[in-house]
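Each of the two complexes below includes chain A, the first together with chain B, the second together with chain C.
What follows is the complex of A and B.
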């Protein structure tokens, strides 16, 4: 049936009631992955960021959980698809499956655990080698509420981050300190053109589909 | 693609038309053609399907609509389902819309609440059982729960098709996509997303509007003047346009009879008169800075909207439209011009109309009014009508007169003695409005001024011409909408150029305004809420255990473990084990089987998953490789249980592999100093990774034991090596594990099997290591032409491999010589084993090549060469073996092997030269 030509714009969906030129904000979707040794507080950071909660007895993650959280910066709506991974070393070999295609990563260590800081460094190395080349990496020195018994000095980590082009913050999932901020900082650093949007759309929950595509292309070669 | 979308669309039309009555079909075609058609036909005939169509973009066509309802809680909620094709995407989708009233009167009555793209997973189910469920059907696509709908057996609207028709159309739409498989471009459902994600946020924002909307007062100044064909009037217009105390925010200035010449009428003059606009800008309130927003003109009517500079940015949209109501409704001497604009969150409409003239034409004026209301549609994205605005100001020469009350002589209005109040009793407009014949819902403020028509130009005297026209309140300003307060309504007597007096009205309007700060806050909350919904709606599965510990796992034994998974959410949920990255490209390692690998769990249900592990001839090679290369603690595998649209759960399959000789390299075996049963996984891993050139024995004890046994069997070994030996049939029997233990314990007992089983064990010993015996020279060896050339390469092999090779050849040659087995067959199978290709390509010619290579070493003619090389190999030990030249190969071998094994660690460095 014939449609009536319209002048510009879409009348799509819920836009009907509020077509407002100025309020139309850009929206982007990014896949973000959390990496780091077990018990450094990856799940706790996600829980704080997404639900504003903290559990003293957070169970160790055995798998990978997917959560979404949207934030607004300036006029851009940034939707994060967050993959919280299992930090236990035995699951290390599965990590690439989760950081592949991610536009951002938060590598977490525990400021009272030197080993976890070393482990964070190897994660950063691995990401630089194997993740997508323009991945935005943030280093989070977690459990900053326990800074009186810290072993990893702020300056040391800060310098390491600078040398390696990482965002850096000390965070506390317990108090909430810098938790939103680190995600904000990442969102600010991520490119928010249309390309980024498309990239993100394929990731996340549709990880599976995405992979099938990738495999088909491999087969065709 | 366009052929698909377009073709299917036009195919479906006849089906739809058949279900629509001819009258509504006719109005549909006429109304949808263009806005011209709309303006002349009765707009109320806009059919439901056209209203639904307004929800979509230009190349998205509504093919048919269907009325249904959902039962949510205790409530029946109406839904309109429609089948829509995207011409660009070449794809179809069914949209479900909530309707605030049925049939909908405008597209704002409809909200899209669900979208079902007709992709592969789409399914429309109709379960015709039971009484109510007879009228029940479901729509479902991919990752979602089926949505249940009910329909009415009889529909109220002619536009709406019946269930069978709708189902048939949906089915054929889906089929058409399947039948015409994507040519060059892939079918795209991307367009559907515009209605899905964005919709939810917007809808929620709309619902919470009260939280961020506040009202801000604006002053709106409306003015009207029938200028009686004076193209430019040098009169004190500020008296008319700057009569308010404060500077208004918005002016809507309406003129009529700007130019009523035949020429202007015939050519539908529509260019705004800039002389006039300049004059207006000069005459507006001097306390504000103003600019023209827009002007619209049709022949004599012009409407100019002038706004204060400082509020210009608050106007986010403006459109204009004209409608002719003159002769045959085409001439523009009568009719209306209108401006639609959005100020903050409110939509405002200003209409300037010049309705039919003359005392007796009340009906015609009413008709003009209705014609404008129904026919004037702005070309904005929503195709707004006048009534689709929050605040409407109707300004103009409405031409309603003052009725002559019977019994009163002379035009009552002429007498200045009569107050406006009395005159207005006989005002046609007020009378008609009271009767509900026009301007429904409009308000007009009290009139405290004299009739504005008809004066002798230049004077304040009523018409003194022959016609002696009765004075009338032709020039009026009415409004409709909430939060409007009139501050002034007056005429200006001191402007005398026309036969009309100008009129103005000042309003205070509380404009719906978004508090940006609050809006941002609510917006974020809404986004978070939707995230929360999304996060919490993730299905959950409870897995009985995440670690499956098989304990001690032995070669060639299958172990089994079951675990349960239960649905932990109030809906059906699917799961499957996730396929791992290449090179594995499977859900689990070779040595595991997982069944079922994919399943659906009904509410409250539990399923059992079986994991089987077998380290056998098919998998031991890769298993040992994984043990050797795993840096961290070794696990047999980690399965990823992927909950559909939910989390991934890792299930670790662990245990300890009990080493056996099978699968270990000759080098590794030569590094052992005790039977393999005394090693554990870690020790064997270390041994596998040991790269030192030091060996404890010259050749593996296990190899020697088998060769020795076979040698002793004499003629009984007949037929031990056949072409199907590599199928390892004996290994499939449990008895074979006695042989495994016999070897792994260096047993002194009698061999616990047949010579055939021993032959197979020998082949397995040579076949199962990660690398073939002749690695890394396999390819080079195959290129050699002479045995001597080959022997040079053989001498470069590690000593365990070299010794095994030489002694194996001698042993085989002896058997062939004695006619125990077929030389051709032996060459074939050992060619395959010793020269096994590490690449996957199984080439027929390569197979022949390998066989011929082997034949050179095991056929009689080569005896001397081999013996000499063997002795040279042995001589490399620098020991007393040189004199063995005369002894039989096996006897000699027996010596060296047992010698080596007996001498143990102390004389291990047999190859140390």
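What follows is the complex of A and C.
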């Protein structure tokens, strides 16, 4: 697929959503993509993060779903544009369309399922090869509420994450454990250029989508 | 208790066992409520049809794990009847007919385990029907309920030590019932349950149970006077070892019955003078509900469902292990096995004015389609679906038509275009898809593990789980079998996530007929989703989405423009729409109405559904940027299905077929030189904002409805003057200034008026010019713009000549 949905912050001609009354703070937009094996809980993580909800019978995702959430860290308002992708291997060919131009990725596996961990490693490799070089990748071992029947050991995953320079947390979309934290950790790690506090000046500015520009497109306003 | 004239259907109710404490299973998913499991299992019972079995009609879930079972019911229970002495022939008749019922149950691998006089009904002809025989099965051998199933008095010894699911257990119960009747007494009327169970277990040491019981009840004389054959058969039934008891079939073949068979067989009933009562019971029950019948309300009236102020049952202490301290558990949660008759009077009144003709509509009569329900077809669909009279006419008509299928396909199609009665939807859809079951489903391997299993297994528990049937374990099993069968039957295809959603509506409608569900999916996919399930389906999906964009530009130019400007491409939102024919994006009840219409259209219909959804959201979409648009679709808001159906139908009917032409479809007719030719590639589609129209379609409109189109000929003036289409307008391409998006620059008087409500066909000899011009028109907001495929020159080849010159 040749088309890119939008890289983070690229202007859509639509209304810019900026929280009001934040003249002091910077505001940034980041494109974040969730990847991982089917039924590991990608959509549930997003749903917990964005709406604070959890559905036991979260429907499978076909193609991809899109949600946004805004959080504040220190003096910066960070808006995540989240692409939640389909997990089935067959939808793999669609994935580049979503991770292309993403500044962050959460690769999710299910701590009860060894295969899903292997699949997560494959995703990490692919991201390192294909995605933006500065992409921040977080590894999430989801379903941590079921740690009594875990198959993937915490230490094993942690070591893997360290070796590959990934953020790592075990999460539970069901209980909410570490869900906000992992997004926060990502937000902290994403570069928020100092030069980006030129609020308003950049509104409506159409940004290029090429690789060189990606870094600066992080913070658009 | 029972009003004889009126009793036809009755309801019983009980509570399923609530899960204690733990609400989640080891996989982290909530445990399926037992009432849901019961609901799923009980569906199968509705299919049983036997003259000695009451037909199951419905199983309903109430609040707090309540289950309500509706079934056929009439006559008197044996419990009532045996208060008077029964003559020998009647006892034999009963013996024979219950055995016949047990034979049927055995053939379906069912064991009643609750056979007792109050579950044996006798009608005015002394025909016997078993009642409530499915309780043991639907509760998974009683696992899903907290109460024991069966009357201990009629239980065989092995049952008391926990052996179950052997049909010989019912044979013992039958033996006990017959023994009681023959000895004209009730056994152990005053004994406590514990003493009865001791008695039964003590039979294990006895060589002749019947004799022992007779002796115990001072009936030895009577016992000895019995016909030796009969006595012997009862003794066999009461053999301690189940293997020594006869099978139902052996009872039926016993000389005792064979010599006077006519006495014991079911007497055919006289046809009721009330026509309604001749109708299939499931239809009667359906109309009964439409006539305002409410089973739960009936149960409330009889005090079987009692509601108490919730505050009275709030626990005072809840321990972490789930134990509760507080007010005593309400008595209303205990098992109450009373039977509540569902009264028919209201239904009879409501249908009293229905002409006799409507009960058995003659479809080949010159009077067909009569005037039944005339005018009602103008009412909104939801009203028609709830109208008792209208549904009566529709159900009767379709019942008739379905009986004549496949010879009646054409009439079915015609009638289905008006509407489809919900009761028969599954079967009607199958007809619309030209399904003719041939037994092949049975032969497909649905059990050998495959590499797809894992994916299917994780998808099923997420597929339309708000629905009770689909979330039941039985539903999961069935869906898994269907999906595996589909994958096995299509080695050229693979399982794509979404196939589950696509299959679900068919399973939902044909829950008891997996074969019909399977064949329906089997036919549905090539009809609407040919090659979508190829391992590499990207070419098919890309073509589909391109066509979708083009058709959007065709019908909704302004919207298409906007979406294209904000890079809101269909790839981002429409894949689940089309891959699952919307079954992944809408709840079942909406899909049903949508697919009612879809089934009548061809493979292009879904594209119009897609556009009608965009159309409904038009104002929001136009006012929104990329993020808002995509968010809108991530959580598709309440689309009004009725509008959606009407709109898509309109577009479908008003769009020439070639406009929606796709290469990747199953074609009934080979394409000719005047159709869209196969040299149109994906690259073309991607470049062209407006769709192409074939010379055939242009020619057809020219002959039949020239006012439906307006041809804009953009060749030069000299070319135009030499030869052109009648009534076409010449706007030479070289003169057009397309810098500003305004029609006025075309210098054509009254162009907008002329274009109004017509299909605008751009004709050129230079294809690129036509593409550019059509894009300009779309950008000016002109709707229904298309390009003549192969340009003006193709028109020269049409014979007889359609061109004129100045």
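We take it that the second predicted complex is superposed on the first by the 170 of 221 C-alpha atoms of A that agree within 3 Å, B and C clash if a C-alpha of one lies under 4 Å from a C-alpha of the other, contacts with A are read in each partner's own complex, and residues count from 1 in each chain.
We take it that a residue touches a chain if its C-beta (ideal position, glycine included) is under 8 Å from a C-beta of that chain, and two chains touch if they have at least 3 such contacts.
From a predicted model like this one, the values you see are computed outputs, not experimental measurements.
Enquirer: Applying the touch criterion given at the start, work out whether A:96 contacts chain B, chain C, both or neither, answering first, second, both or neither.
Expert: After superposition on chain A, A:96 lies in contact with chain B alone.
Enquirer: Using the touch definition from the top, say if A:81 reaches chain B (first), chain C (second), both or neither.
Expert: After superposition on chain A, A:81 lies in contact with chain C alone.
Enquirer: Contact-wise, after the overlay, does A:149 reach chain B, chain C, both or neither (first, second, both, neither)?
Expert: second
Enquirer: Between chain B and chain C, whom does A:71 touch in the aligned arrangement: first, second, both, or neither?
Expert: The answer is first: A:71 touches chain B but not chain C.
Enquirer: Check the contacts made with chain A and report whether chain B or chain C touches more of its residues.
Expert: On the superposition, B touches more of the residues of chain A.
Enquirer: Is A:62 in contact with chain B, with chain C, with both, or with neither (first, second, both, neither)?
Expert: both
Enquirer: Which residues form the common part of the chain A surface touched by chain B and by chain C?
Expert: Chain A residues touching both partners: 1, 3, 5-6, 12-15, 17, 62-68, 86, 90-91, 93-94, 97.
Enquirer: Within their complex, state which residues of chain A touch chain C.
Expert: Residue positions touching the partner: 1, 3, 5-6, 12-15, 17, 38-39, 56-60, 62-68, 81, 86-88, 90-91, 93-94, 97, 112, 143, 145-146, 149, 174.
Enquirer: Once bound in the complex, which stretches of chain B touch chain A?
Expert: It is residues 9, 13, 16, 28-29, 32-35, 49, 53-63, 107-108, 110-112, 194-196, 198-203, 205-206, 316-317, 319, 342, 345, 379-383, 514, 519-520, 523-524, 527-528, 530-532, 534-535, 538, 546, 578-582, 585, 632-633, 635, 638, 640-642, 645-650, 652 of chain B that touch chain A.
Enquirer: Chain A touches which residues of chain C in the complex?
Expert: Against chain A, the touching part of chain C is residues 26-30, 455, 458-459, 461-463, 465-466, 471, 494, 496-498, 500-501, 535-536, 538, 565-567, 569, 571-573, 575-576, 579-580, 584, 624-631, 633-634.
Enquirer: Write out the stretch or stretches of chain A touching chain B in their complex.
Expert: That would be residues 1-23, 50-51, 62-72, 77, 79, 86, 89-94, 96-97, 205, 208, 211, 215, 218 of chain A.
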